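Chain IDs A, B, C and D follow the sequence of writing; residue 1 opens each chain.
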Amino acid sequence: MASKALAIIAGVGPGTGASIARKFSRTYSVVVLARNPDSYNPVVQEINSSGGQAIGISTDVSDSKSVNAAFDKVQAQYPSSKVAAAVFNSGGGLVIKSFLELTEEDYSTALGSQAHGAFNFAKRAIPLLLQARESSNYPPTLIFTGATASIKGSAKFAAFASSKFALRALAQSLAREFGPQGVHVSHTILDGVIDIPRTKAWVFEHEDAKLSPDAIADSYWYLHTQPRTTFAFELDLRPYIEKW
Amino acid sequence: MASKALAIIAGVGPGTGASIARKFSRTYSVVVLARNPDSYNPVVQEINSSGGQAIGISTDVSDSKSVNAAFDKVQAQYPSSKVAAAVFNSGGGLVIKSFLELTEEDYSTALGSQAHGAFNFAKRAIPLLLQARESSNYPPTLIFTGATASIKGSAKFAAFASSKFALRALAQSLAREFGPQGVHVSHTILDGVIDIPRTKAWVFEHEDAKLSPDAIADSYWYLHTQPRTTFAFELDLRPYIEKW
Amino acid sequence: MASKALAIIAGVGPGTGASIARKFSRTYSVVVLARNPDSYNPVVQEINSSGGQAIGISTDVSDSKSVNAAFDKVQAQYPSSKVAAAVFNSGGGLVIKSFLELTEEDYSTALGSQAHGAFNFAKRAIPLLLQARESSNYPPTLIFTGATASIKGSAKFAAFASSKFALRALAQSLAREFGPQGVHVSHTILDGVIDIPRTKAWVFEHEDAKLSPDAIADSYWYLHTQPRTTFAFELDLRPYIEKW
Amino acid sequence: MASKALAIIAGVGPGTGASIARKFSRTYSVVVLARNPDSYNPVVQEINSSGGQAIGISTDVSDSKSVNAAFDKVQAQYPSSKVAAAVFNSGGGLVIKSFLELTEEDYSTALGSQAHGAFNFAKRAIPLLLQARESSNYPPTLIFTGATASIKGSAKFAAFASSKFALRALAQSLAREFGPQGVHVSHTILDGVIDIPRTKAWVFEHEDAKLSPDAIADSYWYLHTQPRTTFAFELDLRPYIEKW
């Protein structure tokens, strides 16, 4: 019997990551990575108790040893499963400060989370996605989550914008190298506040002024299911009311 | 009984436009516009004979009188139908010539098809989409079809790139004005050769090196069904094998 | 005796165009084009009375016949002069209106001024610049003036942004075609209010919050004097205090 | 007697950095930083022996301690000199490899040189530039050197593009924060091969197909001398023959 294919999602808390995990769990076994098990435990339990399959692995994406250990664990646990999709959705690195106040640690933390984190994740994910080409219903897919700061270096966003620009460059380079080999690499630009527990208290003039994590997850699934004749690289998502 | 909502699609030949019409006809009555009835008759007949509803109206999008007559006819024929979606997919204007050979007529034709054409279409579509906000299952949607030349002014593409840049500016401006009013305006960048009858003879090293019109249509439908919390403005689509 | 080379500048009123004419008149005979002679007469007289050479020709850039007549007149008057520089600085087309209020005439006027105007100007300028390659101290140069609306389609700027996007596409296409032939084509993005008579009454918090026409002219001269090993295509200029 | 103002240039070898140092030494005392004294000694000697003032300090920009020591030394040696200009021109990090071959060290080295290096340099330069506002003839200026990889993540350029995208984000953020405070922050995109000793052997069809370091230096000086009413942020420079 063929094993169910896997979706590996890095950066899973109660918001976007959980919605992506839920969405992809309807088709795949999901593996969710976050530093703190408290971040992923609720969605892992929810998926398992509703007929899906999920495991969580405590992982610090900025540390290649930790990422390697996580992927080793995945391969030990699912020796015959292919990786159909990998999503890099890690947060971290967002600090809004005058450059005069910004510390070297702030800057390193941002690059560690977003640039090195994405590098570490992609180093392990890409070979697995290449292996999954023959057996997948959809082209194996690697999606990176970007932000407004991926395309605009605003005042006081020096650290976060540097890290998100770097992540976008990595995504572009991987798309150009591995697209022609049949792996779909995409980058999204989430341009607005996401409607997650942490932002519940942020009230806007319009009640539906925040990005929906479930709708973001639907977008990721849509990207995943595109045929290779018709790959999207970049998708910008924002609430209808957002100024841009 | 409530009338079926409408999708109006300008620029329908045997390729992308026909696929979009087919896709949207599963949910809406479709109205397809093209200069030459030979362009849209086959898909109109196909839709009507397979249980859908479609009409075609001969329209020159570059001529506001012709566009107004077409919309007047739509409103006369479907007096109680809302317009759920409008797609501007007109071709025309693509001429590849040294600027030294490019004529004023080439330049005017390109702007006429793409810039004035899109303006004329949007002038009539936007008010109808605004009217459809309450009754629609999905936010009323206006999608413009762009190309590589929408973001790159290549040598020998002066006319086409000018017209496609102008179209993209129009789309951005409409998205920023009418997004906050609940109308979803999107722009796609079709970056590659589309697999249509006209390009059948173009053989590439890889047999699936062309954009699929049906997959493009799926993308347009995906854009249409996004909730207003999570609107995409721009989507770039290319074959996996494309250099970019 | 070799004739002095020419600089031809379209779009000369009391602001940026006049500053460019003054700057280039230190080295070249200048020909200034504007619809209304009142726009260029003061700077023409100023240049001629201070030891330079200038003529003005009443020209409607949106009308190819008018542009052709102007260039014919230039060639009749200066039969042995080479054209070292051409600058398309025409205003016109800026209307800020809801799309619902925007008229077809507004849209056509904007495209006429900026897109067709630039096309008409370039059609005559490019062959003359190609002829000047051997005899010029600096690579023959064609500069187009852009604006914020060249790269951003803001709400209520549908007409102006369409026309400025189109102009930028034209500039890119010409740069890619004629750069390798030794003609320097550039595009500037003037991102802010320019300090001209028409804006004198606009008071900002900072007194030097407006772009200086003379500094813009210096930039154009700098672009003109670049060697062909090191051409700039695009230059964005804004007041230090500008939000962007 | 007022001390001569300083220009501090990081990344000085026999090419662009040396040309920038020479150009700025006509007006300022220059301080040049590079890891290896062999890189800067020739230009330091050349400047000093031709009537200018220059010192070199061995500095590893990727190491904040090294950068801090260098700036401390500058301030000890020139206690009453203002810093009129600072240029971050460090190379390093360019490795062209399939992502499958790219090592974590490659990626870290690139980010270390370009992103952390620029951060370390700017952390010390910005406060000094702010102090120089009153006394300078030109607005104090910070220029970062970018590359094609600053705006395009090509296949096999994952490390370099990530680092150059990050550098550009930093430059944008600093421009937006410190421009309104009177410090001019710019970013250049050097889109082509530079004509330096290392590339002498690279022969193209056209003999002048490489960027001139002296012309690049002229561009940096031009940026430095812009008044604050009319700041350029970004300038793309390429040989006339370059494909783009």
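Annotations for the structure displayed:
Just so we're on the same page, a residue touches a chain if its C-beta (ideal position, glycine included) is under 8 Å from a C-beta of that chain, and two chains touch if they have at least 3 such contacts.
The structure displayed is predicted, hence computed values, not measured ones.
Looking across B-C, A-B or C-D, the pair that copies the A-D interface, with over half of its contact pairs the same by residue number, is B-C.
Seen from the C-alpha centroid of chain A, the farthest chain centroid is that of C. Each chain gets one centre point, the mean of its Cα atoms, and the points for chain A and chain C are 46 Å apart.
Centre-to-centre spacing of chain C and chain D amounts to 32 Å, using the average Cα coordinate of each chain. Chain centres here are Cα averages; for chain B and chain C they lie 34 Å apart. In chain A, the residues that touch at least two other chains are 176. If the chains shown are joined wherever they touch, the resulting network closes on itself as one ring, and no chain has more or fewer than two partners. Working note: touching chain pairs come out as A-B, A-D, B-C, C-D. For chain B in complex with chain A, the touching residues are 139, 176, 179-180, 182, 184, 195, 208-212, 215-216, 218-219, 222, 226-242, 244.
On the chain A side of its complex with chain D, the touching residues are 64, 98-100, 102, 104, 107-108, 111, 115-116, 119-120, 122-123, 126-127, 149, 152-158, 161-178.
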